[in-house]
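Chain nomenclature is as follows: A, B, C and D, assigned in order of appearance, with residue numbering initiated at 1 for each chain independently.
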Amino acid sequence: MNVAVIHNILLRLLRLRRLIGLALLTGMPAGVLFFLTFGNSEQDIRGFYEMLNITVLTIIALPVTALVLASAAFGEERNDQTLTFLVTKPLPRWHIALSMLTAATLATFAVGGIGIVAGWVVAAVAVGDATIGLNTTVGLVVASLGYSAVFVPLGLLVSRSTLTGLAFIFIWEFIIGASVTGVSTFSVFRTALSAYGDVGTVTIDAREALEGVLGNVIPGVGGAFAKVGVLLVLSLAFTTWVLRRRDLANE
Amino acid sequence: MVDGSDAVIVDRGYRHYEGERTGSRGAVAAVVREGYRRVLGLRRKARRKVLPWFLISLALITVAIFIGIHWVASSAPIGRGEAPELLPRYGEYFDLISVIALLFTALAAAELFVPDRVQGVLNVYFSRPLNTDRYLLGKLIALASLILSFYLVPQLIFHIGLAAVDDSGFLTYMSENLDVWWKVPATALVYFAVHASVAVVIAAFLPRVGAAAGLFLGGMLILNLLAGFFIEGTNLWFGRYFGLIALEQHPRYVRDWIFDIDTIEHLPERAGFDPWTSLGVSIIVFIGAVLVTRWQYRRIA
Amino acid sequence: MTTGAQHVTDPTVQLASLSKWFGQKVAVSDIECSFGPGVTGLLGPNGAGKTTLLRLMTGVLVPSSGSLSIHGENPRANPDIYCRIGLVPEDEAVYNHLTARQFIRWSADLTHVGDAAIAVERAIRAVALENAADRRLATFSKGMRQRAKVASALVHDPDVLFLDEPLNGADPVQRAALIDLFVRLGAEGRTVIVSSHVLGEVERMAGRVIAMVDGRLAAAGPVAAIRDAMSDIPRKIRIESTDPRALATALLTAPFVTGIAIEANVLHVQSAEPVQFAYMLPEAARAAAVRLTRVDPEDDSLESVFRYLVDGR
Amino acid sequence: MNLVETTSLSHDYGGTVLALDNLNVEIPGGVVGLVGANGAGKTTLLRIILGLLHPSGGAVTVLGTSVADDALGLRSRIGYMPEGKCLPLDQTAADFVAFTAELAGIPSTEARRRASETLFLVGLHEERFRYLGDFSTGMQQRVKLAQSIVGDPDLVLLDEPAAGLDPAGREQMLDLIRRLREFGINVMFSSHILEDIEQTCDWVVMLDAGRLVRNAPLEPPSDGDEVSVEVIGDPELVATALIERGAQTFVDGQVIRVVHGGVEDVFDLVIEALAEHEIGLRRMGTSLSSLEDLFLKHEAERG
């Protein structure tokens, strides 16, 4: 890990325009929730909050945010041809890989965090329960780590990584993950939701939706973290291998 | 010129052009023609033709299937003439075609607007007798004619097909269904106004074709999703106005109104708006899109 | 080049039958040479494989076959060697979100420079970017961006420098300053490898030249020696004079003048032996009482080397 | 008629820095070189001539027409080759050039024919049906030139036409530019490489920081000038001989620069000295060093 590398990548990833765009995306559920707090019962608000978190936030906004940021970590270096500067520095290759993974995770966590904190505040004030956003935050941590592990090497390997990543989300996460039982365990947002479902209380409506999405994946924080942990180790090893053995520029 | 004993060596070098110049109008026409070629992938690598022609053939195949259903229904010995209202007609066909057209619009708008800007070709355009407004006019004509054709050509085939398989005979069917001639184009226009506006505004700002198309499709989806939450959950007096952000739903609502269909409750309807409002929103979105796009291009030109 | 002119006695960078291919396309083919202290020009037309070779040497690309070493180390195997290497890549790209100072500081931090702040200021001064150091690189002109890249490659005081077309986009003033800088760096005993396709520039800074054509080593040695070696290539010479017809008549007597074309007051002379011709020309002009106002070899020397190597003409 | 006339032309991009500062020039027809350092205002001037940029002060007349009055009409008589990328990489060369001819107001069948002929002129006839994305830098640069002349303009503006080309490519490009004059097309092209300008132009406009430094014909060699001579053999012998005849010389490698203030002809002096000592003459000419010196001198004065 290297502080200068991480700092530089974070500066680059969190450009103001992109930050605003992504913050609007992850903040959308909070905005919606704000209007739903008027005139609804606490139980209903809790239900809306959880449904928004599960459907809009975890299934759409977080994957997209993570995709944009994590694939850009190496992707922008590659496409802007600045990767040359980075790989001709006296750093062990695994330091570069780990720094990128860290930066991508931090960036995703920070941007996703904007939306989550906003929603958390709105919900906590409306319901009077300060712990209400805890499960979503745990889900965010799992999602940031998991998606970074997938998209960071993708950005290094593929030139149109955002599009490829989008295809990954649609095909792997949405279609195959929903229809093939064996695969759903390895779907990142299901892993995030399995952690979500294991923390704090979940309303009945949300519980149904959650089980619908999860299929046969059993909720569990420990399992979720174990899974992303393995994913991260694999990702780190693979990224390091690419940095050591493969061409780092096009023709 | 050449007889047996003479030889002629012709070196024309650079020829000056003495003919008429078509001026700015010719330049706009060239932009339109080039727009067609770009969207349809003509005179480009085969890879570029796949998506547009896949969508076009999808539209035509579904027409054929619809006509087939009608033909089977009308020629079946049992149940002839029964429950004709269950058979899909013009309005229902819009349901199907509008989903394909949504993809086609995403592709067409992105292809028309993104590459010119990103590849720097605008520098060439604007060094010719062409200014921002005329350039955008050319693009708008290209987009409108492509997308409206995408809606209307299959519908025309559908209309002729329905007349051909109808029991009452071709001409009788035609004369009994004259209202189709304004209902279908009017509906297509509303679909175009909303879909194309949003797609063009996005394409005018994003630097990549894929990203522009993706954001357009994803944006339409998310707006519907959010509007649903608002309509269901909010108790505020202005909460229902959020029902209007489901842009994708407005043309559908207007269509049902024009064709007098009442099977699904669209989001604006659930929020308590009448079709006139949806029509109004569609027009406002269109005008807004024209203004924003024009502003953006004046800024970068 | 069987004489071994591609090798130096005190090599810092050594390439052993280095090759690189992308799919079917061979970009660099069996390059065998070495580089030592001083400025060496890496010369070749666009697409000759100069950039690929520099990327191979700096470990950005992996050789398809062959090997390389910098101070005895392969950078891929031992990244620590990058402490002693500076690279200015050809790509125009820089970190657009940083200021020049931040960018150079970043390089300094990653190369373990002792007193980074001082080193950064020194590098900025070396490329005369003091006035623009706190502007974002995105606002820089091409020439300024090149200088920022040069500064970032110099900040850790490397003794091997790889510069890929560093003068691209620089105007005459900036170019003169950069050339001075490179010459000075070479004189300090650093190995400076500069690629370029503008021959005049290479001649002004490099004592030794490695020329590449089509991925292969085409020539190696001192600039002057290469000139001499190639001086017998038949060449056209363009001459402006007061009386071209009289001059033409005088020149035609020489056996090595193989053709003359007259165009207004300009003569285009085709000579099989340009050196001989050069010796003959002043005498012939004086004898014919013709006043010469301009003489130009139509193919500048090293350009014609390329063309000769590429097209055989 | 002058090609371009400006009267107190100024432009700023909204900041305090003037991209053009009170420019008054009259530029005659022919091949005109526009020289200056990066940021001297070359591109700004070209874009103002095209009417793409509205100057913040002053006026421009191009080909006898005021740009402010009829920019669109003028643009059908002007061709423009922008600096940098401007080609749609998914089109073939023939399609793109024909399209740009149509943009210039030529009907489409004629446009296709002209496109083919123009690509022939720039040496891309065989490659005209290939996609631009597969072209090398040099080929792309020639396509850019082709699109600028396909519409039969009276004037073409070329922004750094030789940038990024290798020597062979650069020479071909300069050759093409020289030929444009034979075709009756006026050329105005910008470059920061002085040699390019000298080899092609008959008029030079030099800008620095938006101000005019020089607006004059590229002088044919004249008696009072400095002459640079590249020799084969010992340059010192020649230098000594020249000094004896009252000339001032500077020797730099094989190149001798000769300054002569006297009445006698410098060229004759040089030839005499060379013939006398049997030294070979490789290259001789005036302007190269003079223009560059002027440029460097001006830069130095500015600090």
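Throughout what follows, a residue touches a chain if its C-beta (ideal position, glycine included) is under 8 Å from a C-beta of that chain, and two chains touch if they have at least 3 such contacts.
Keep in mind it's a predicted model, so treat the numbers as computed, not measured.
J.: Treat each pair of touching chains as one step and give the shortest count from chain B to chain C.
T.: Contact-graph shortest path, chain B to chain C, evaluates to 2.
J.: Count the touching C-beta pairs: is A-C or A-B ahead?
T.: Higher contact count goes to A-C.
J.: Using Cα averages as centroids, what's the distance between chain A and chain C in whole Å?
T.: Each chain's C-alpha centroid was found; their separation is 48 Å.
J.: List the centre-to-centre spacing of chain A and chain D in whole Å, with centres computed as mean CA coordinates.
T.: Distance between chain centres, rounded to whole Å: 54 Å.
J.: Averaging only over C-alpha atoms, locate the centres of chain A and chain B and give their separation in whole Å.
T.: Taking the average C-alpha coordinate of chain A and of chain B, the gap between them is 35 Å.
J.: Based only on mean CA positions, could you tell me how far chain C sits from chain D in angstrom?
T.: 24
J.: Multi-chain contacts only, two chains or more: what residues does chain C have there?
T.: none
J.: Give me the residues of chain A that touch two or more other chains.
T.: none
J.: For a test of understanding, state which residues of chain A touch chain C in their complex under the given definition.
T.: Listed in rising order, the residues are 2, 4-5, 8, 11-12, 15, 80-82, 84-85, 87-93, 244-249, 251.
J.: Quick one: which bits of chain A touch chain B in the complex? Just the residue numbers, please.
T.: Answer in residue numbers: 28, 32, 35-36, 38-40, 44, 48, 51-52, 55-56, 60, 64, 160, 162-163, 166.
J.: Please output the residues of chain B touching chain D within their complex, sorted ascending.
T.: Interface residues on chain B, with respect to chain D: 12-17, 19-24, 26-27, 29-31, 33-34, 37, 43-45, 48, 115-116, 119-121, 123-131, 301.
J.: Where on chain C is chain A touching in the complex?
T.: It is residues 22, 25, 27, 52, 55, 58-62, 75-76, 79-83, 85, 87, 89, 91-98, 106-107, 109-112, 152 of chain C that touch chain A.
J.: Where on chain D does chain B make contact in their complex?
T.: Interface residues on the chain D side: 50, 52, 71-73, 75-76, 78-80, 82, 84-92, 95, 99-100, 102-108, 110, 114, 117-118, 121, 131, 147-149, 151-152, 179, 182-185.
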